[in-house]
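Naming follows writing order (A, B and C), and every chain is counted from residue 1.
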Amino acid sequence: MVPSAPDLSFRSGRNRNERIIGAILFLCAALSTLVTVGIVGVLLTQSFAFFRQVSVVEFLTSTQWTPLFQDKNFGILPLAAGSFLIAGGAAIIALPTGLLAAVYLSEYAAHRTRRILKPLLEILAGIPTVVYGYFALTFITPILRSIWPETDVFNAASGAIVVGVMIIPTVASLSEDALSAVPDTLRQGAYGLGATKLEVSTRVVIPGALSGILASFILAISRAIGETMAVTIAAGNLPNLTLNPMESIQTMTAYIVQASLGDTPQGSLAHQTLYAVGLTLFLITLSMNVVSQWILGRFREEYE
Amino acid sequence: MPGAEGPVGPRTDGGLGGGQRPRDRRRHILGDVFAVVCGAATLVGVVALAILLFDVVRDGVGQVDLAFLTSFASRFPERAGVKAALAGSVWILGLTALIAFPISVSAAIYLEEYAAQNWITRLIQLNIANLAGVPSIVYGILGLTVFVRALGLERSIISGALTLSLLILPVIIIAAQEAIRAVPDSIRQASYGLGATRWQTVSRQVLPMAMPGILTGTILALSRAVGETAPLIMVGAVGFIAFTPSGLGDQFTVLPLQIFNWISRPQDEFHVLAAAGILVLLALLLSMNAAAILLRNHYQKNRN
Amino acid sequence: MPTTHDIDTGGKAPALEARGVSVFYGETHAVKGIDLAVPANKVVALVGPSGCGKSTLLRCFNRMNDLVTAARIEGTVGFRGKNLYDDDVDPVEVRRRIGMVFQKPNPFPKSIYDNIAFGPRINGFDGDLDALVEQSLRQAALWDEVNNRLNDSAYALSGGQQQRLCIARTLAVKPEVVLMDEPASALDPIATQRIEELIYELKKNYTIVIVTHNMQQAARISDYTAFLYMGELVEYGPTDTIFTNPREERTEEYVTGRFG
């Protein structure tokens, strides 16, 4: 005798609720894609209007950026140079410092020391950028000017120094992740051959983590290029194609702030510069982030 | 360098005693120097943090009093305060939390518990990682174009909150995903094994376990939003407001913006106000971080 | 390959009946066309070396494999005349009737009471929950040890107690079949013995399918034993026969401990 078949069918009410919830959750996740579409869409359409009046060649090759003047010039180079001057200076400070700090935290520091130092670095990363700007303007710049009196009140060096300090935690934390991911068996192998800690660190661990370290460098430089407030406050608002860190400059980010603070009429060419510069900034930082993630992905594969 | 090998004669101590060869001695000195250099590099960040805090406290502490907290901004430095800015920051904090938290957590739930392993999921995940690296000023451009202009929300507190919500969306999603991933799979299996639906499993088992981690990540993301300046300048927060916001459509300012406004003035009196404003901002951030740490400790204690 | 087995179901229809069940994980063919009937109110042990597919087969009986996105299942599993893999079958309903106990005790991070009450609550149970909790704990032989601390965290219990709590939690949903995936493998010998006694008791009211790597355990507690090897069902029959007089040489080698 066969007992009656059990009812295992879908409960319609419950099943509908599950589907609705799933759909809502998916929409929330998909919203993040919409943000990207929004950013790219806004930057592209508005920049397109800009590039109908200013040729791409002029934008990329002219050495003058004077969109708000009578004699208008639309060369991104001075702004890009400003951003790279800041990023380059910051990199000189942050990359070696951050990497060495990562080596210390990963290879040397006792557990207790790490537990104190890492939160301190996290605090450093959490200080608002406007505070770094204040620090640069009221503390670092006076010091620079007392050493080199010809230094401008607003100068690239001061901005680069604080941006450098600002990105130390990025380099240190991501590089430390990379160093810690190097398997201990490699270290033990080297110690077993009589290597000192210095030799193990510099010839085994750092080479083993090289791609992860490189990824942290690129990401940190990308952050330096995207940094806005500290450089707006400390480095000035003078588009200036120079390599002299003691001069006043303007970064791409600082220009965007300046353009939005002023009362440029909407739809005017001067207003559209904001988007052209924004697009340039976005493409530079995006490509650096993509490269960094790509390197990191390959690095993870190495040890999995 | 074979010449530096030292004596090759018979050794009585097996080479382990005090009679080190010069080359070995040099290796060890070099190792010690390297350790010190690495430790010093770690301290660069810590020392910079200490100097920065010292600088701000020295400049601003004399200015912070009840009158400073309860007065509006003023042309006269001795009468100026942060009332409007503090209120604006609290408004922005609350609104951003209300908007960003449910969307981000839903997105994280979708990605961890619902999503199939297909190209759409990978695209969303990749997109979130990239959004996290987009400079904040670019979100400002998006907010200005979409919220302020296209949606006609004007230069209002809701425009600011929406812009910052998009900015911290990827940050909270990534933190929430990590917290959800940390919930052991055995809990899900037990729940499904008892005939729980996906949503029952997520809402009654997974989320309660992941919530402390999610909240910690959310608070840290919110403290980033509270410290942001550049995107709010873009969406039109203004530096001089003599009222506290009473609704979503009101004009507003926030602490970082008020600070920027004061820094931008040449007079030293305003720089003192800026330092005092920074102290208020840091106090706000510190209390948020303390809340996050307490939450984390409470959770870890309960788990053991 | 044996496809028919001399299983005495006592004239009753089998509680579960797998026909041609295959499971694929991507390219891997983990379970290969297995036919297996589980008689009602009996204990069936699935044995075999690790990776032989016994746990995977067990998870076919309550559609837990559905949760592994890469898994693909073929064949049918009859449950009282209904194929569990029919399109109109809700896996959630299946798991309410066919419960599961896992390898490691996995209580929820909640009180003892709430662990038991979770299943009934999500099932919309509107009877006397306190009585149901007590009954389930009694069935799992845990009541006497925990009745004065039902609001304590389940994590405060020993491993063996936690596993009996998980069994009680499963029983509270009133399943007809209980699947057990090496339920004692993480426990010490004394706790293991208690679980085995419990399984013997539960047989009166439930049909039990248990995966185990412990041959003595299979011999002690099961009525029927199925030996799986590399995804295939090598031999299935009364436990006595499998252990004393198996048909297949591989079965004899395995149950006597010569490989695996």
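To be clear about the criterion, contacts are C-beta pairs under 8 Å (C-beta built on N, C-alpha and C of every residue); 3 or more make two chains touch, one makes a residue touch a chain.
This one's a predicted model, so the numbers in the text were calculated from it and none came from an experiment.
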Average the CA atoms of each chain to get its centre, and name the chain whose centre is farthest from that of chain C.
A
Central chain (by mean CA position):
B
Winner on contact count, chain pair A-B
Just how far, in Å, is the C-alpha centre of chain B from the one of chain A?
14
The distance between the C-alpha centres of chain A and chain C, rounded to whole Å, is 53
For chain B versus chain C, what separation do you get between their C-alpha means, in angstrom?
48
Could you tell me which residues belong to chain B and also touch two or more other chains?
197
Touching at least 2 other chains, the residues of chain A are 14
Residues of chain C touching at least two other chains
92-94, 97
Which chain C residues qualify as touching chain A in the complex?
12-13, 79-82, 84, 88-90, 92-94, 97
Name, in rising order, each residue of chain B that touches chain A in their complex.
27-28, 30-31, 34-35, 37-42, 44-46, 48-49, 51-52, 55-56, 59, 102-104, 106-107, 109-111, 114-115, 123-124, 126-131, 133-142, 144-146, 149, 166, 169-170, 173, 197-199, 220, 223-224, 226-230, 233-234, 256, 259-260, 263-264, 271, 274-275, 278, 281-282, 285, 289
Residue set of chain C touching chain B in the complex reads 62, 64, 67, 69-70, 92-97, 99-102, 104, 106-109, 118-119, 122-123, 166, 169-170, 173
For the complex, which residues does chain A have touching chain B?
14, 17-18, 21-22, 24-26, 28-33, 35-36, 38-39, 42-43, 46, 96-101, 103-105, 107-109, 117, 120-121, 123-124, 126-135, 137-139, 165, 168-169, 172, 196-199, 201-202, 219, 222-223, 225-229, 232-233, 253, 256-257, 260-261, 266, 274-275, 278, 281-282, 285-286, 289-290, 292-293
Going by the contact rule at the top, pick out the chain B residues touching chain C in the complex.
116-117, 184, 186-197, 200, 204-205, 209, 303
